[in-house]
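Read through the structures below before going on.
Here subunit A shows up in two complexes: once beside subunit B, once beside subunit C.
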Partner chain A sequence: MNLIGDSLSPMDAEGASEILARLRDVLRDSAVEEHDWDAVVGETPIESLGFDSLTILDVLYDVEEEFGIALDPKQVVKTRTVGEIIALLEQNGA
Partner chain B sequence: MAEPRRVAVTGLGVACAIGTDVESFRTSLLAGRGGIAELRSLDTSEMKVGIGGEVEPDFVPAGLKRLRRRPTDRAVDLGIVTAAQALEDAGLIDGAPPYEPQPVAVILGTAVGAAESNTTLQQRFAERGVRGLRPTSVPRVMDNAISGGVSIHFRLTGANYVVISACTSSTNAMGTAYRMVHHGYADTVLTGGADGFFDPFYYGVWNNLGVMSKNPDPARACRPFDAGRDGCVLGEGAGMLVFESWERARARGARIRGEVVGYGESSDASHITSPSAEGQAVAMRAALASAGVEPSDLGAVNAHGTATLANDVCESESIRAVLGAAAERAPVSANKSYFGHTLGASGAIESIAALLGIEQGRLPANLNLENPDPECQVRLVGGDAEALERPFVMKNSFGFGGSNGVLVLGPGE
Partner chain C sequence: MLHFLEYWAARLALLGVDLLPPAAASRWAAVLGSLWWTADRPRRRVAISNILRAGVAGDRRQARAIGRGAARHMGMVLVESMKSSLVLDDPERLRVDIPDDVAAALEDPDRGLIVVSGHFGNWEIAGQWLSRYKPVAGISRPMNNPRVQELALSRRQRRGFRMIPKYDADPGRFLKLLGEGEILALLVDQHARRGIDVPFFGHLARTHTTAAMLHLVARTPLTFLLCRRTAPMTFELRLSPLIAQQRSGDRNADVEAILMTLNAHLEAAIRRDPDQYLWGHRRWR
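Up next is the complex of A and B:
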């Protein structure tokens, strides 16, 4: 499955798939609205999951807890899709 | 100022140990079926007491799913799902979101607020210090999380706030809502209250206060006005009511399920936990005066009736002092014998019981009233349901801190 774009090698895609699975759990635990979390893919807009500028901070916090890495909040608030968060995580060594 | 307006009740929603909608609640009351049991959601092995009135476990998850929400906090979630019932009953919403904005105020009562979120946060803070506090902790634990959550979810654009006065909270909230509609500050108010506190911290503090019944038989533990009572039993739950001006309700063809006829309130100004018959009587007299209802017009008193030794004697004294000889004609109902003391939600849930009693002309039996306490000199509904002879019911609520709130409720159309 192509999660975050066409430029991934098969090995990258496998890593992204694992990150996506963990990220789905984080998003679900931080969410107020209910969604079909299994249907969340790289192209899914974050806004469509009901997160706003406040509740995305919980996602940032929980992502750091889950993956053990610190992300720059300025970069996180610029992300528009789930795939962009995954890319950010990968850039930071997840 | 314009003429005061009559206040109609056009929507009801309820969840507690004996029912998760108005009809199941009504059925349990009329069948004399209580809901006190060993607690399933909380490990009480280190506590003196381990019983309570829990809401059926599938109700909140199913209700939230229908409203497309994730769980946030037990009290908030109970408030949201029962608010949906009341708003649907009133014909103000239909089905799942999205909803259109409408000018409805949200005035709710809660004794302990977002208890589950507070306990979770305290545990995380104890384990990990400041690092354990998630960014959204402030909106999760604030005491108005319930009214804010309801207002946002259903897009209700009137005022939204909570009234906090321990076990009087939702009655004070309903009194405030009544006055808003009666005096023209709002046409429609969603009011009532919610509390959910079966967690180690909040149940623990009540356990250590020593006022809960230690009766080993859960079904017989809550015994308001009985000589063998030995304390209250806690229950979780929520009750929601839509109040609106009688004219507006009629104009839009709403079903008027009852009327809020009057309201009174007072403070004991004496002791933080011990009740005062004088203070309670002031609130009852104010409510009757506000309603223009004489004691002899009352068909029943829906008591605060906690089943603690102190409350029931004190409340009997205050009822007797206010009603005089008419107390013989107004039997006392004590609904906590069914679902326990739901703290800040109790006034709302019991007002719904009172309104249903008016609607059907019957008062539910008082459970576990086997030997009425001779110190409680009031006429009590006995072990069988009985007819309501006159359609006005006085609803009492009294809280720690000395807050007293009393509603007078009457029939609809």
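Up next is the complex of A and C:
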């Protein structure tokens, strides 16, 4: 089961896994719908978690607070999967 | 039947607008607004109920007077919007008060700005005035009467002002235009199907969060704007100093604080001129 792609080194994969765990918590707290959050992986579409173009702004706020970083909102609203958010977080030093 | 009557009332209003000088056209539209108040019983009941609930009228008789005045006002808004160049090109007809921090944001071509208002005074004139600085995008809910909507759109002057239909409003689009230094103009006093409950005249009203969230996540400056009529075809346009909400880590608290500030600005204006507000919308549901 991949988080964000096939080419991660073990260390990268460990980092991504930790980010995924924290991201799951954020998504769980931000969500307006019930979901099996333990089943969320990199390939999971954000839309399938009940987030749409409006509520993604809520997620963005909560993610920034959790990871203590500022993301480019224009990039965040373009993300389609959880893995893409993770990649964005990694690019920004999470 | 009501749509048919509204459409012909609008056509009649436009005929008067075209034939009469501006001040007379404005009075003509006010008379038609008053007639509309008499004819549209359901909306009249909503307006009276809202005025009483807001506490801006002491009794039902006073509420009716305010409601009729507001209906006259809406007729005038329609005419003024179509004759806006007379106002926009004449400093005697449009007195503007801009705080320095807002002026700096308006004059910086690379800096986006979120401008919030309500259905108070003449928000159309305000939007058109803003577009003198940089392109403005506003979100509109289509009118209930599609024939009147079509008629109004065919007559409005737009300059650098464009409307985004409410059902096509995508934050990605907003972020893009704000990133390009444009203005996003939002009216925040309509019932939001999805939003948060914020006090409006002391009663919780479901309120759109988009303006607040965009300010918080895009870190775009935010201001409140009012365009109050002081005489026929004459206005006072005021912008609040930039509203800067520091992030606390509690998203809902931050959004609520911003929306309460915006509502407080709008409430103060309405209390001063209750007959310049659109009362016929079911704000509290």
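By our rule, the second predicted complex is superposed on the first by the 93 of 94 C-alpha atoms of A that agree within 3 Å, B and C clash if a C-alpha of one lies under 4 Å from a C-alpha of the other, contacts with A are read in each partner's own complex, and residues count from 1 in each chain.
Note that in this section contacts are C-beta pairs under 8 Å (C-beta built on N, C-alpha and C of every residue); 3 or more make two chains touch, one makes a residue touch a chain.
Given the structure is predicted, the values throughout are model-derived calculations rather than measurements.
Asks: Following superposition onto subunit A, is the placement of subunit B relative to subunit C best described as a clash or a fit?
Replies: Superposition result for subunit B and subunit C: clash.
Asks: Let me test your reading of the model: by the given contact rule, A:Glu34 touches which partner, first (subunit B), second (subunit C), both or neither?
Replies: A:Glu34 sits against subunit B, while subunit C stays out of touch.
Asks: Quick one: classify A:Lys78 as touching subunit B (first), subunit C (second), both or neither.
Replies: The second partner, subunit C, only.
Asks: Could you tell me if A:Asp58 is touching subunit B, subunit C, both of them or neither one (first, second, both, neither)?
Replies: A:Asp58: touches subunit B and subunit C.
Asks: Give the stretch of subunit B that clashes with subunit C in the superposition, choosing among 4-12, 130-138 or 256-264.
Replies: Clashing stretch of subunit B against subunit C: 130-138.
Asks: Would you tell me the residues on subunit A in contact with subunit B in one complex that are also in contact with subunit C in the other?
Replies: Touching subunit B in the first complex and subunit C in the second, residues 54, 57-58, 60-62 of subunit A appear in both lists.
Asks: Which positions of subunit A touch subunit B when the two form their complex?
Replies: Residues of subunit A touching subunit B: 28, 31-34, 54-55, 57-58, 60-62.
Asks: For subunit B, which residues are in contact with subunit A within the complex?
Replies: 64-65, 68-70, 72, 134-136, 139
Asks: Hey, which residues of subunit A end up touching subunit C in the complex?
Replies: Touch list, subunit A to subunit C: 53-54, 56-58, 60-62, 64-65, 70, 73-74, 77-78.
Asks: Using the touch rule from the top, collect the residues of subunit C that touch subunit A in their complex.
Replies: Touch list, subunit C to subunit A: 170-172, 175-176, 179, 194, 210, 213-214, 216-219, 247, 249, 251, 254.
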